Amino acid sequence: MTNTQVTLIQIDNYGPWTVTPEPRREADLQTMQSRLYADISQFVGNHGGYTFFTRFDNMIAVTNGLSLEDHAVLQESVGNRYPVTLSLGVATGTSPVQALADATELVQDAGSAQDKHRREILDGRVVEAEHGTTEDVQIAHFDVIDATGNYTDELNAFDTFIEIEQGYAELMRHMRYAHDSLSFFVGGDNIIVVCPNLEEPDYREAIAHVEDAVDVELQVGVGRGANAHDAGMGAKHALETCRADGTRVELE
Amino acid sequence: MTNTQVTLIQIDNYGPWTVTPEPRREADLQTMQSRLYADISQFVGNHGGYTFFTRFDNMIAVTNGLSLEDHAVLQESVGNRYPVTLSLGVATGTSPVQALADATELVQDAGSAQDKHRREILDGRVVEAEHGTTEDVQIAHFDVIDATGNYTDELNAFDTFIEIEQGYAELMRHMRYAHDSLSFFVGGDNIIVVCPNLEEPDYREAIAHVEDAVDVELQVGVGRGANAHDAGMGAKHALETCRADGTRVELE
Amino acid sequence: MTNTQVTLIQIDNYGPWTVTPEPRREADLQTMQSRLYADISQFVGNHGGYTFFTRFDNMIAVTNGLSLEDHAVLQESVGNRYPVTLSLGVATGTSPVQALADATELVQDAGSAQDKHRREILDGRVVEAEHGTTEDVQIAHFDVIDATGNYTDELNAFDTFIEIEQGYAELMRHMRYAHDSLSFFVGGDNIIVVCPNLEEPDYREAIAHVEDAVDVELQVGVGRGANAHDAGMGAKHALETCRADGTRVELE
Amino acid sequence: MTNTQVTLIQIDNYGPWTVTPEPRREADLQTMQSRLYADISQFVGNHGGYTFFTRFDNMIAVTNGLSLEDHAVLQESVGNRYPVTLSLGVATGTSPVQALADATELVQDAGSAQDKHRREILDGRVVEAEHGTTEDVQIAHFDVIDATGNYTDELNAFDTFIEIEQGYAELMRHMRYAHDSLSFFVGGDNIIVVCPNLEEPDYREAIAHVEDAVDVELQVGVGRGANAHDAGMGAKHALETCRADGTRVELE
């Protein structure tokens, strides 16, 4: 059984800040957001977790292996180095969607994302080290079959992007509603999905669904581990097997 | 008439690099990609341009105001500071989609995105300073009406993301095929669209289309300028008027 | 008794790289170096350590609390994100100078700093968690008395810098040869010194020596802890007492 | 004749900020400072200038080629992305020391570095584009002869640092008081000096002085140009000639 620890990372009162006292330079907002994400990704990654940029003002991380103290250091460090602050909700569960819902509620209960008095919330609970197992996290790493040959080298860059985006949008909805999973585009033609305890037929079904719906061909490698990094590395190696052997689903 | 200068920024041979000699840590890839994007955004932004992360391995920028020499400095600087290199294609036109298609072709003609011998291509042509006008760039800045009240403070963070993503996916396809425009999600509930010479009814039509198709309510501010920053600032101010007055479309 | 764990961080073959195939843009070298340092500082700091930029191509860190596995993650992560690689030597001892000498020797024994075949050395030993004590690290935080009033607001910025530099150069030599300590300028008018088991009279003597030699007046706060962060926070609070009370030496 | 444009970059009210409401984590301060410096170095460098970290809270830049508008963009961009703000003073002159003195005075006249009401000063004047010449900037790039063989591979890392620091401290003072020049350590064993119109015998004299005073052997390449980048590249190439031919002073 999986026991995924999910953290919601929400920038406090970000929308109003971006237009106060008047709209800020877009290039600066983009730079600030993406560097903030990079820093969080690095911090969480150094403890074995994965962070997804999602909407940038609301990021989602798989944080098995990080204590609440680690979360507090991250929050303090960002507060020391950025013009914005973070609120963090942390929850665990066999369903990543349910864990995220619980984590979100902790932050929502403390106030609106645009409440200027709600700052640096840190609430929730973690998988204690002594309860962790090597099956706590299941990660599936999807990509588009021969995306470079079929799209990148053939279509204009935006039409390629539309194709990949369509595949992602369909997979994201399907995995969430049919399989209680959280899917994130991570660049190129790669999608990383945080799953509950799924089996090979589930992945075959999802791939077939996307191909039927939007005609994008996916392959997937799946890994399990005590944290996102371990599970994700298993998934990456399994996906390499797909690429080498022409298979569509490989479980580590 | 618009005359948009578009640059395709493609990381050379990136896919193979990420798995050679074996798959690299995902957190490092995410950190590296988003910092590279941040640096390009900052460089281009300091010259009045906008850069969109798109797929991260293929980024798209509106570069009116940047010469080919500026592009060469960016390319050299990235080569000096990152483990990867960039190829750049630059083209101009009244249709942003056509300009991007031309820019893409310049890079594709030099070799595959996964050709390990194709490195640091720089090709294309720019709007010469003496030919620039204050109507060269048209930027539309969309957001979701009361996204915080309707979604962020109500749904779990992933379901909010799905709603916003659906609105984005629909708008992206519609603006591209009906209006020759390039749409980019830029974080939060914001979408920036690079447009040809569109008028108010075009924007009303697009908003109605998205509402019909996926039930997401958008509002939009539109600006024009000699470069993306000027046009984008106009769009931001116009969008502030929508927010203040409850209107759906404002042209600067 | 102190038991300081010191890491030498050396960029592999950096000098030759900066001029191959021809000299690289200085602004890019400065940017790359200082960001690399920032990343290492953040990584080490998140585990309770301190990193000093020193010469940038050779950085020195106090790494009590970091295992060899942590060092390996840092080395891999930098290799994934920068155009250069790191070699790391780690040693421990009651004398910070001796520990650094031992750490340096581990790297030197593996080859020259300009040997293009020596890459990503990682060697040494750490203070095992079960042997750590809250007196392992002693940190002294010095600053110049009323530097802003006496220098920054009065002299031109370079002459202020010369004054502070002179104080630093004298303190650095004196602390190294008289007190087996490692002194690092950390910005502004602040100097952080990694010390063996020194007592209050040692600090009084050092302050008097610098005042005699170069007429720069220093004050100092001293802290002890299981790692650099804990000891350094004690030192900072002690220095705040100096500032508030007008005293010259405060031990936490 | 040189006509150097010098900018003093001072973080507003930085000292008090670092200890309010209580001392901030040193690793965060180091990370924030060095990234801020990196960003400024990149911005100024993209316009052909050089920035030196100096004390980090007070940085000095050679900004020939940057207008006051460019300075304003830098100031705004930092204000949008960092928790601190910058004040900037800009001045020009045949003597770099005098130009810096004038630039410093502009900032000092507006208030103390620790005045919490003084924020984002921008004052001064630049070399107008039409008055620029290819002799406006003279840069000398020094390094220590065989620093790797004599020091880095032989001594412990701190004793090497002391040797190089001593050479730097002596050169810095001598060039400032004997030759009206500003010297900056830039990492490794490299020192970059911003000079007025000096000739070969001046450099020979300086090298001999440092060797006499502290027994550190230096070599130097010198370049001239319309901006720091052009002059500095000339200096780097000239220094390569020293390294290849064993000469001590080379003028481009």
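In order of appearance the chains are A, B, C and D, and numbering begins at 1 in each one.
Everything that follows uses one rule, which is that a contact is a pair of C-beta atoms (placed from the backbone, for glycine too) under 8 Å apart; a residue touches a chain by one contact, two chains touch by 3 or more.
In this text the structure is predicted, and so the values were computed from the model without any measurement.
**Student:** Centre to centre, using CA atoms, which chain is the farthest one from chain A?
**Tutor:** If we average the C-alpha coordinates per chain, D ends up farthest from chain A.
**Student:** For the two copies chain D and chain A, is the contact made of the same residues on each side, with over half of the numbers shared, or of different residues?
**Tutor:** Counting which numbers both chains contribute, over half are shared, so the two copies meet through the same residues.
**Student:** Once you find the CA centre of chain C and the CA centre of chain D, what distance in Å lies between them?
**Tutor:** 22
**Student:** Centre to centre, by mean C-alpha position, how many angstrom separate chain B and chain C?
**Tutor:** Comparing mean C-alpha positions, chain C is 42 Å from chain B.
**Student:** Could you give the separation in Å between the centres of chain A and chain C, each centre being the mean of its C-alpha atoms?
**Tutor:** Distance between chain centres: 36 Å.
**Student:** Which chain D residues touch at least two other chains?
**Tutor:** 25, 27-29, 31, 35, 39, 42, 45-46, 77 - these are the residues of chain D that touch more than one other chain.
**Student:** Mind pulling up the chain B residues that touch chain A in the complex?
**Tutor:** 8, 10, 14-15, 18-19, 22-23, 25-31, 33-35, 37-39, 41-42, 44-46, 49-51, 53-58, 60, 97, 100-101, 103-105, 108, 112-114, 148-149, 152-162, 164-166, 169, 172-173, 176, 182, 186-189, 192, 229, 232-233, 236-237, 240
**Student:** Taking the complex as given, what residues does chain A use to touch chain C?
**Tutor:** Going by the criterion above, the answer is residues 39, 42-43, 45-46, 73, 77.
**Student:** Please give the residue numbers of chain C that touch chain B in the complex, ascending.
**Tutor:** Residue list for chain C touching chain B: 24-25, 27-29, 31-32, 35, 76-77, 80-83.
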